[in-house]
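Next come two complexes built around chain A: one with chain B, the other with chain C.
Up next is the complex of A and B:
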């Protein structure tokens, strides 16, 4: 009987991964409290893509919404992974940074406002090169300013994952929420294979890739704060609980000594497998 | 990238705008807005050059049934004619919901 119950809950599950960026952002707010800022009809799109023969998107693949989460003011910024791999360009970067800066200004005026960033991104948009790099640097400064006042929560649901410069931005988050399907890492599997060869990392070995970059491993090694199923109510619950929790006493990125000790304890003379790594990483230096 | 424009006669006023789709491989984004005048104007930007006749065939067929006075912007990333047709119908459905 319990098997039937489990099957029904699986079939009736509302997938979060299947939603597009706009639907994902809307799903996190308290019902009927959200509105979009600088939406597609404002047509603030990348001026650089058409020059290179690439069709732009009317919102540059970045959805900004304001509303309430757990009864409290919040801004949600969602990257659309299907458009140019969710990459950060001049416009999408500026939209995200401006949203966080406005949230920061609201906090300074005494209106507590949290931020949730939905990352499905390979990092900098190579077609916009230095502008994309500058956008990520500005975004990181904005996260650091805002997280003193209110939690900045990064959510990776999949299936693009979060890589490159945006993984560094995610590293500054107050809390990271992932699904089992999501991936988080500085260098993506294809990049490692391209630079160091297939002996170093076989990007077609999905079991290996997810054992290293996947949500389950990131959560088990305390690099993510919550692991949720691909289920919309469950994802929204996790976000609400972190918004209510407020600013953490110590941010992950402020624990330099702890992580330095952990890296020192990793002897590169031997090949670590993901399981051994998990055991070593969680028992060292804490 | 190729830019294509078409105009079709129209008479019915449309009240709501609609945005559907994403500029992802094999898909497209449609922005449909109410407009003045007795005409429906379609602006297309597509990543695949040389398919003007195919676009015309798909839109000719769409406008045999649709008569809203609208401005339609299409941002295309290589969608098939079938996908284009479905996205256009979805945009109409959203705008009339």
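Up next is the complex of A and C:
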């Protein structure tokens, strides 16, 4: 099927969101260059879920693939939002971290290797609590080490979104790509309402939820680098362009002074209207 | 398990530095100071509650936007300053309730503020600074990822008031659809779910557990002894790789993180196949 990029009509779109983690990962590689590592037939499962009467999954909800993107070596790690909400357990976390470390080692050997991480996750898998949290800390360390050599690109397509500790991992990315159906934030609206009341955040107000965490807002406020349609060729195009672009001159998470000044300039006496906030952070630029 | 009191950070920051005030221009919730430690001049950082904080959702000791960016700035300052000289140790004193749960925080991307602090700590470690986390009280979830979890070495007090966890007990029970009692029972069998620091130590992530009679009122002798342990951790970090592999290579990890080690071994073998 031919694709006209942005000109593609809605009816001709090949939805990316409807793909599972394995199909999503495959779709990002140059055709016929990818292979899966530690796939479901290796059956490395969570040792902690069966102890709690929960059926594990043979890939622990994490797909690792190696291949080529835009002609360069790349690794793609995709979390499966349909398994335990894409949560990070010991095995899924270690798969992601180890894949990034191997990419880092290849870069050090002179083989440029980028990483793409597909995040559909609520954060730590609470059934593996402290090992999940530790896995995120170690993943963050590995992102920091790898992104010196090659870009680490985080893609959030939806519909789970990226929350909890994994939002910090996304924050360390070289580039963030989102769709309008994706959300990115540290605490979901339900959690905030539970902790600090409905006055703080009314999680039933869906418009508000999207106006704060949605891909469109994150892109408009320069917190994401690309906003793409739910269209597989368009998503793959965006990933290819960031792989080709290489390591950015300065990572977003290293621009603390810029953001500290932006935070200092905010008035905190009342809640902000997301539209006004957008105008503020769009005009201040990045 | 005890309630978060928010006093321990200040107590230990003062014990090591002789002061408990923020640097000029910083929010009152972030304490930073350089002080002698062994033969080094170390940078100490701590997040403490500020009941009058500008952002309402951080007034009980939560880590929010200003806290994240202030930690980032104060750690980066040290990296910059020591660029061409001996890398001074960075000590994160950890007693944090949680990340801030607020609408303002989400709107202004608290995830990035937290990532900025972790970036600074991690970059300091990669640059060769010994980064040591001393958990004197609570170290929860996103707050610990922001402040402390990128350290080369983590030390904690062997004390009921110390808690390292992904989520506080009531919320964890709600999310996993269990009662707090059920959660307690499971935690007894499943070490990573436990709220007990002795169970956490079994995971192999800690460098050392330290015994202090009353962490809210340490004696001069106890302070000296903890300083000695920090000096030991710094020396150990300086002679080891700058990544976090020690957490997976410890004796305890070889027992409790067998699945992690299996993932690494298998993935590495398959990576090299063509």
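Criterion: the second predicted complex is superposed on the first by the 274 of 286 C-alpha atoms of A that agree within 3 Å, B and C clash if a C-alpha of one lies under 4 Å from a C-alpha of the other, contacts with A are read in each partner's own complex, and residues count from 1 in each chain.
In this section, contacts are C-beta pairs under 8 Å (C-beta built on N, C-alpha and C of every residue); 3 or more make two chains touch, one makes a residue touch a chain.
Quick caveat, the model's predicted, so the values are computed rather than measured.
S.K.: Does the superposition put A:268 against chain B (first), chain C (second), both, or neither?
M.R.: Second partner only, chain C.
S.K.: Return the chain, chain B or chain C, that is in touch with more residues of chain A.
M.R.: C
S.K.: Have a look at where A:191 lands relative to chain B and chain C in the superposition and call it first, second, both or neither.
M.R.: The answer is second: A:191 touches chain C but not chain B.
S.K.: With the two structures laid over each other on chain A, which partner does A:19 touch: chain B (first), chain C (second), both, or neither?
M.R.: A:19 contacts neither chain B nor chain C.
S.K.: So, does A:133 touch the first partner chain B, the second partner chain C, both, or neither?
M.R.: A:133: touches chain C, not chain B.
S.K.: For A:70, is the partner it touches chain B (first), chain C (second), both, or none of the two (neither)?
M.R.: Neither partner.
S.K.: Chain A touches which residues of chain C in the complex?
M.R.: Per the touch definition, chain C meets chain A at residues 54-57, 65-66, 69-70, 72-73, 76, 99, 101-116, 118-120, 122-123, 125-126, 141-142, 144-146, 149-150, 164-167, 171-172, 174-176, 186, 189-194, 200, 203, 205, 243-244, 247-248, 257-260, 262-264, 266-268, 270-271.
S.K.: Contact residues on chain B for chain A in the complex?
M.R.: Residues 1, 17, 19, 22-25, 27, 29, 31, 33, 45-47, 73, 75-77.
S.K.: What residues of chain A sit close enough to touch chain B in their complex?
M.R.: Spelled out, the residues of chain A in touch with chain B are 20, 39-41, 50, 53-58, 61, 80, 82-84.
S.K.: So in the complex, which bits of chain A are touching chain C?
M.R.: 37-38, 42, 44, 46-48, 51-52, 64, 66, 90-91, 93-95, 98-99, 102, 123-124, 126-138, 140-141, 144-145, 148, 164-165, 167-172, 184-187, 191-192, 194-196, 200-201, 212-213, 218, 221, 223, 251-257, 259-260, 262-263, 266, 268, 271-272, 274, 277
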